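What follows is a set of structures for review.
Okay, so subunit A shows up in both of these, paired with subunit B first and subunit C after.
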Partner chain A sequence: MEDFYHIIVNLFFNAPVFIKITVLLIIGFILAITVLIIYLKHIRRRLRNKERIQATYRKKYESELISYLYSGDGDGKINSEQQGIINYLKKCSHNPLKRKILVSTLLKLRNEISGEVADAIQNLYYQIGLENHAAKKLKNKKWNKIAKGILELTQFEIKEVHDEIILHINHPRGEVRKEVQMYLVKIFYFDGLEFLNVIEHYLSEWDQIQLIETLQKFENQQIPDINPWLKSTNDSVVLFAIKLAKIYNQSESKDILLGLLDHDNILVRVNTIDVLNNLYVTEAVPILKENFSKLSIEEQIAFFSMLENIHHNNDIKFIFENINNKNFEIKVSANNIMKALNIEKLNAVMIEAFESETSESSDFITIAS
Partner chain B sequence: MIPAKKIVLAEDNSILSLLLKFKLEKEGYKILVAENGKRAIELIEENNPELILTDVMMPFVSGLEVISHVRNKLNLLIPIIVFSSAGQEEMVLTAFNLGATDFMSKPFSPNELIIRIKRLLN
Partner chain C sequence: MNTENILLDLIQYLFFIFSATAIVSYIILAIISVIETKAYMKKNSLVNYSEILASSNSPSISIIAPAYNESLNIIENVRSLLSNHYVNYDVIIVNDGSKDDSLEKLIKAYDLVKVDYLINPAIKTKPLRAGVFKSTNPAFGKLIIVDKENGGKADALNMGLNISPNKYVACIDVDCLLIEDALQKLIKPFLEATDYKVIAAGGVIRIANSCIIKDGKLLDVNLPKNLLVKGQILEYLRAFLLGRMAWSRLNGLLVISGAFGLFDKKIAMKVGGYDTKTVGEDMEIIVRMRKFMEEKNEKYKVAYIPDPLCWTEAPDNYKTFLSQRNRWTRGTIETLKKHRKIGLNPKYRSLGIISFPYWFIFERLAPIIEVIGIIYFMFLLVIKAIRWDYAIIFLVVAYLFTVTFSIVTIITEELTYHQYKKKGMGFELVKIAFLEPFICHPFILYAAIKGNFDYYFNKNIKWGVMTKKGMSN
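And then the complex of A and B:
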C-alpha cells in the first residue's frame, strides 16, 4: 500500500507541469463537489425538519383555534378555557417562526369564513397581541419587512395603525407604497383616497387598476370630491382622478375637466377628451374644434371619437372637411358620423353651408367691384 | 334511535374542514372529510351519503369532476352544495350545469350553511 502511494507520488512529481495542474484541478473539483453535496444534504435536512416542525405547529394551532372558537359561552365574553388558549398562543407568538405559522393559520380560516366566526378570529388576533408585532415591522429598516407588516395589518383590518402606515406613502420602494395604498383603500374605503393629496411618486397604471377594482367592491359608492386631485401637480394623480370621474360620472367636475384640455401632459389631455365625451360635455366641442390644428394627433383622434357621440349641425361642415383626413382613424370617424346622419338632413346642411359660402363670395365680389 | 345523516365534505383547506366538521357534528350530522376530490369520490362510493359539500378547486380531482361523477357515473340525486371563491363564477355555472343543487361563495357564514343543509335534507 505504501509502495503504491510512493509510486503515485513519484509519478506526480515526475510528471510534466500540464499533467500536474490537471491532477490538482481534478482533486480540487472533487473536493468542491463533495463539500457542496454535504452542504446540500444539510440544507435539505434542515428544510425538511423545518417543514415538519411547521406542519406540527400548524396542526396544533388549527386545533387550538377550533377549540377557542367552540369553547365560547355564546355571550361574547372570554371564558377561562379560551383565556388559557390565548395565553398559550401569546407565549408562542414571541417566537418569529411560531408567530408566522400562527398568523397564516388565522388567515387561512378568516379568508374563507364570514360572520361571527370571522369576528371571533379578529378578536383573537387582538387578544394575542399580534397587531403589535405587525406594527413593529413598520419601523424596520428592511422594506420587505415593512411591506409584509402592512399587508398583515390590512388582512386583519387593523385601523389603529393608520397614522403610522400613512408615513410610508412616499416610501422609495414601490412595493411598500402599493401596500400602503391598498391598506388605506381596503380599510377606509373612499376616505382612504386621502393619500392622493400627499403622494409624490408616480401612481402606476397597475396601481390605479387595483385601487379602482378595490373601490368598486364596496357597497357604498359615494365618492368624495375629486376636484383637488384633478388639480394635483402629480400627473398620475390627475389621470387617476380622470378615471374616477369617468367611472363615477362626476359631471360636477365638468369645469375643471374643461380646464385640463390645456394641461401640459398630452396623456392627461387625451384622457380628458375621453371623459368629457363620456360625460357628454357639449361645451368641449367648440373649444377643441377651434384649436383642432394645434392638437396632437392623439387628441385629434380622441376628439373625433367624441364627435361620433356629440355633434351638432354646425359641426358637419368641419367633419366633412376631415372626411379625407390623412389619419386613417380620423377619416373613419368622420365617415362614420356622415353615415350615421340622415341623408336629407345632411343635404340640407350642405346646401345651407354652400349658400352661406356663395353669399360670402358674392359679398366679396360686390365689395371688390 | 335515528342514525345521523351522513355528509361528505370535500375541502382542501384543513382548518375550514375542521371547523365545518365541528359545527355540523354539533348539529347531529356525521361528517366524512376528504382533503381532495379523489378521496371524496371514494368516500361517496363507500358511504352513500345524504348530502355532499364540495369546494370547486381541489387537488387531483376538482369539485366539478366530483359532481360529474356523482351525477353521471353513480347516478345519485343527492343534494350537492358547491363552495366557490371570488372569480370562479363561470365554474359555478358549470357546476350547476353538471347538477349542483346550491352554491356558497367564500367567505361564507357557517350558520348560513347549516340553514341551507337543513333545508335541503328536510
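And then the complex of A and C:
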C-alpha cells in the first residue's frame, strides 16, 4: 500500500507542470462534488425540517390565539390567562423564524374574521410588541428589510409610524417606494395620495395599477383635487391623475385635460384623448380634428376611438375620408362609425362627399351598407 | 521540432483554448445567474400577485396557441388555457389546417358559432378555411377559434397576431400547461419598466412527464423513470436557471422559448411577425425584434424570470428527441445566418459584440468543433501519437466539470423553487448528473451534426416528427 502511494506521489512530482495542474483540478472537482452533494443533502433536509417546524408552530400559535380570543371576559380587559398567552408569544417573538410564523398566523386569522375579534387580534399584535420589531426594520440598512417592515405595518394598519415611513418615499429602491405608497393609500385612503406631491421617481405602470386597485376598494371616500397632479412635472404623476380622472369621472378637470393635449409626452396625450372620450368632452373633437395630420399614429387611433363615441354630422365627411386609412385600427373605427350610422343619413353624407371628389368605393363601405 | 509537430501542437492548443473559454464562460454565466436569481427572489418576496390578478385595469393579453392535429387532447388543453387566473385575457386557438376532427370537437365542446371578424391584414398568412368561431356560452367568452389553411406554426402565430385585439400577446404551445398566475408574473417586467421598453419576456419551462395533472392543473411533481427524460430535466434546469438568467442580466438574450413567451404586439407586428421560412421561429423573432430596437436606438430589454411558469412534455424516445434537437440546430443556423450582419458589429452593442459571437461559437460551432476533436483523436490514435496521460486527464476534467455544474444547478433549484420535494428525488437528480453526459450528450451531438447536414444537403426537411402522448392524467 505504501509502495503504491509512493509510486503515485513520484508519478505526480515527475509529471509535466500541465499534468500537475490538471490533476490538482481533478482533486478540486472531486472535493467540490463531494462538498456540494453533502450540502445538497443538508439543504434538502433543512428545507423539509423548516416546513415541518413551520407547520407545527403555525398549529401551535393558532391554538394559542384561539385560546386567547375565547378566554376573554368580554369587558375588553386582559385577564391572567390571556396575559400568560401574551407573555408566551412575546417570548417566542424574539426568535426571527417564530416571529415570522406568528405574524403570518395573526394575519391569516385577522383576514378570516371581522368585527371585535379582528380588533382583539390587532390589539394582541400591539401587546406582543410586534409593531416595534417591524418599526425597527425601517432603520435597517438593507432595502428588503425596510420594505418587509413597511409591508407588515401596512398589513396591521399601524398609523403611528406614518412620519417614519414617509421618509422613504423617494428611496432609491422602487420596491421600498412601492411599499410606502401602498402603506399610505391602504391606511389613509385618498389622503395617502399626498405622496404624489413629493415623489421624484417615476411611478411604474405596475405601481399605478396596484394603487388604483387599492383605492377602488374604498367606497364613500372624498376624492381629492386632482388638478395639481395633472399639472405635475413628473409625467407618471400626470398619467396616474389621468387614470383617476377617468375612473372617478372628474369632469371638473376638463379644461386642464384639454390643455394636456399639447403635453410633450405622447403617452400623456394619448391617455388624455382616452379620458376626454370617457368624460364625453365634445370640445376635444374639433381641436383634434383640426390637428389630425400632425398627431402621432397612437393619438390618431385614440381620436378615432373617441369619434366612435362622440361625433356630429359635420364629422362624418372627415370620418369617411379616413375609411381607407392605412392604419387598420383607424379603418376599423371609421367602418364601425359608418355601420352605426343611419343609412339615409349616411347616403346624404356620401352624396355630399362624392360631389367634391370621385372617390372609389371601399370594401368597408360595402360591408357597412 | 518539425513542421508536423508544430501543426499538431497548434491544433491541440486551439482545442484547449476553446474548451477553457467554454468552461470559463459557463462559470461566469452561472455566477451572474445565481446573483440575478437571488436578487429576483429578494425583490419578488414582497409581491402580491393577487392584487393585479383581479384588476380590470391590468393590460389585456391574448394567448395565441397554434394547433395542428391535436384532436386527442385539444379540449383539455383549451380548458387549461381558459382556467388562468388573470382577468384581462383572451385565448386564440389557431387550428392550422388540421386534418383530424379538432375543429368539430371544439365546436361541440365549447358551443362555437361562426362569426364575422375583421382581421388585420398586416402580416401575410395562409387564408382562413372554415373561418373564425366564438362561443355562445358566456363561460367561454374569452375563447376565439380560428380555422385556417395549413401554413406551419409561424404562420398560425402570425394569424393570431393579426387577430389579437390586445396590446400583449402570449405565444404558447397548445399542449403546454401554464401555471395559473403565469400571465401576471410575466406581464410584471413590462409594467415595471420605466426608462426602457420590455419587448418580450420568457420564463422557465419545466418538464411535466410523470407529473400528476388534473383539469389543467399541476397537482404533483414527479421524476419520470425514463432516463432520457430525466436527463432532459437536468438539461432544462441548467439552461434556464444557469444560462438564460445571466443573458437576461447582460441584456443579451437571443431566445424566448417557443413553448411560452410574452411579446409587445406592436413591436412583434412592426417587424413583420414570425418568419415562416425558418424552423427556429422563436429565436428568429427575438433577434429581429432586438435588431429593430437597436436600429431605432431605443432603450429596450428582453426580460426573463426564473419562475417555473410553463410545464411541457419532453420526448421520451430517442427518435423524437433527435428530431427535436435536429430542428433546434437548423433553427439556430438559419437565424444566425440570416442576421449575420449583427455579429461583431459595434452598431448593435452587446447584441453584436457579446451575444451573437457567443451563440455562434458555443452554440453553432460547438458540436462541429467537438466532432472535429473526435476525428483528430482518431487520427492521433491511428498514427499512435496519443499522449494517453493528457487524453485521460482532460476527459476526466471535462466530465467532472459537467457533473459539478449540474449539481450546482440542482442546488440552485432547491434554494429557489424547490419543486422536487419528495424524499429520494435529490439523490435521483444527483445520479442523473453523473449519467447525463452519457445518456443525452452523445445524442445531442449526433442530432446537431445531422441538423447541420440536413440544413446544407437536405433542404426539404422541415419540422420533423414530434409525437406527444399528452399530459392529462
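By our rule, the second predicted complex is superposed on the first by the 278 of 369 C-alpha atoms of A that agree within 3 Å, B and C clash if a C-alpha of one lies under 4 Å from a C-alpha of the other, contacts with A are read in each partner's own complex, and residues count from 1 in each chain.
Everything below uses one rule, namely that a contact is a pair of C-beta atoms (placed from the backbone, for glycine too) under 8 Å apart; a residue touches a chain by one contact, two chains touch by 3 or more.
Only a predicted model underlies this, so the values are computations on that prediction, with no experimental measurement involved.
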Partner chain in contact with A:Y70 - subunit B first, subunit C second, else both or neither: first
First (subunit B), second (subunit C), both or neither touched by A:K148: second
First (subunit B), second (subunit C), both or neither touched by A:L36: second
Winner by number of subunit A residues touched, once subunit B and subunit C are compared: C
Contacts of A:F320 with subunit B and subunit C, given as first, second, both or neither: neither
First (subunit B), second (subunit C), both or neither touched by A:F188: neither
Contacts of A:Y88 with subunit B and subunit C, given as first, second, both or neither: neither
Touching both subunit B and subunit C, residues of subunit A: none
Touching residues on subunit A, where the partner in the complex is subunit B: 59, 62-63, 65-66, 69-70, 105, 108-118
Complex interface listing, subunit B residues touching subunit A: 13-16, 18-19, 22-23, 26, 106-112
Subunit A - residues contacting subunit C, complex: 15, 18-19, 22-23, 25-26, 29-30, 32-33, 36-37, 39-41, 43-44, 47-48, 144, 147-148, 151, 174-175, 178-179, 201-202, 204-206, 209-210, 212-214, 236, 243, 328, 332, 335
Residue ranges of subunit C touching subunit A (in the complex, touch as defined): 42-43, 45-46, 51-52, 54-55, 57-59, 118, 120-122, 188, 190-195, 389-390, 393-394, 396-397, 400-401, 403-404, 407-408, 410-411, 414-415, 418, 421, 423, 426, 430
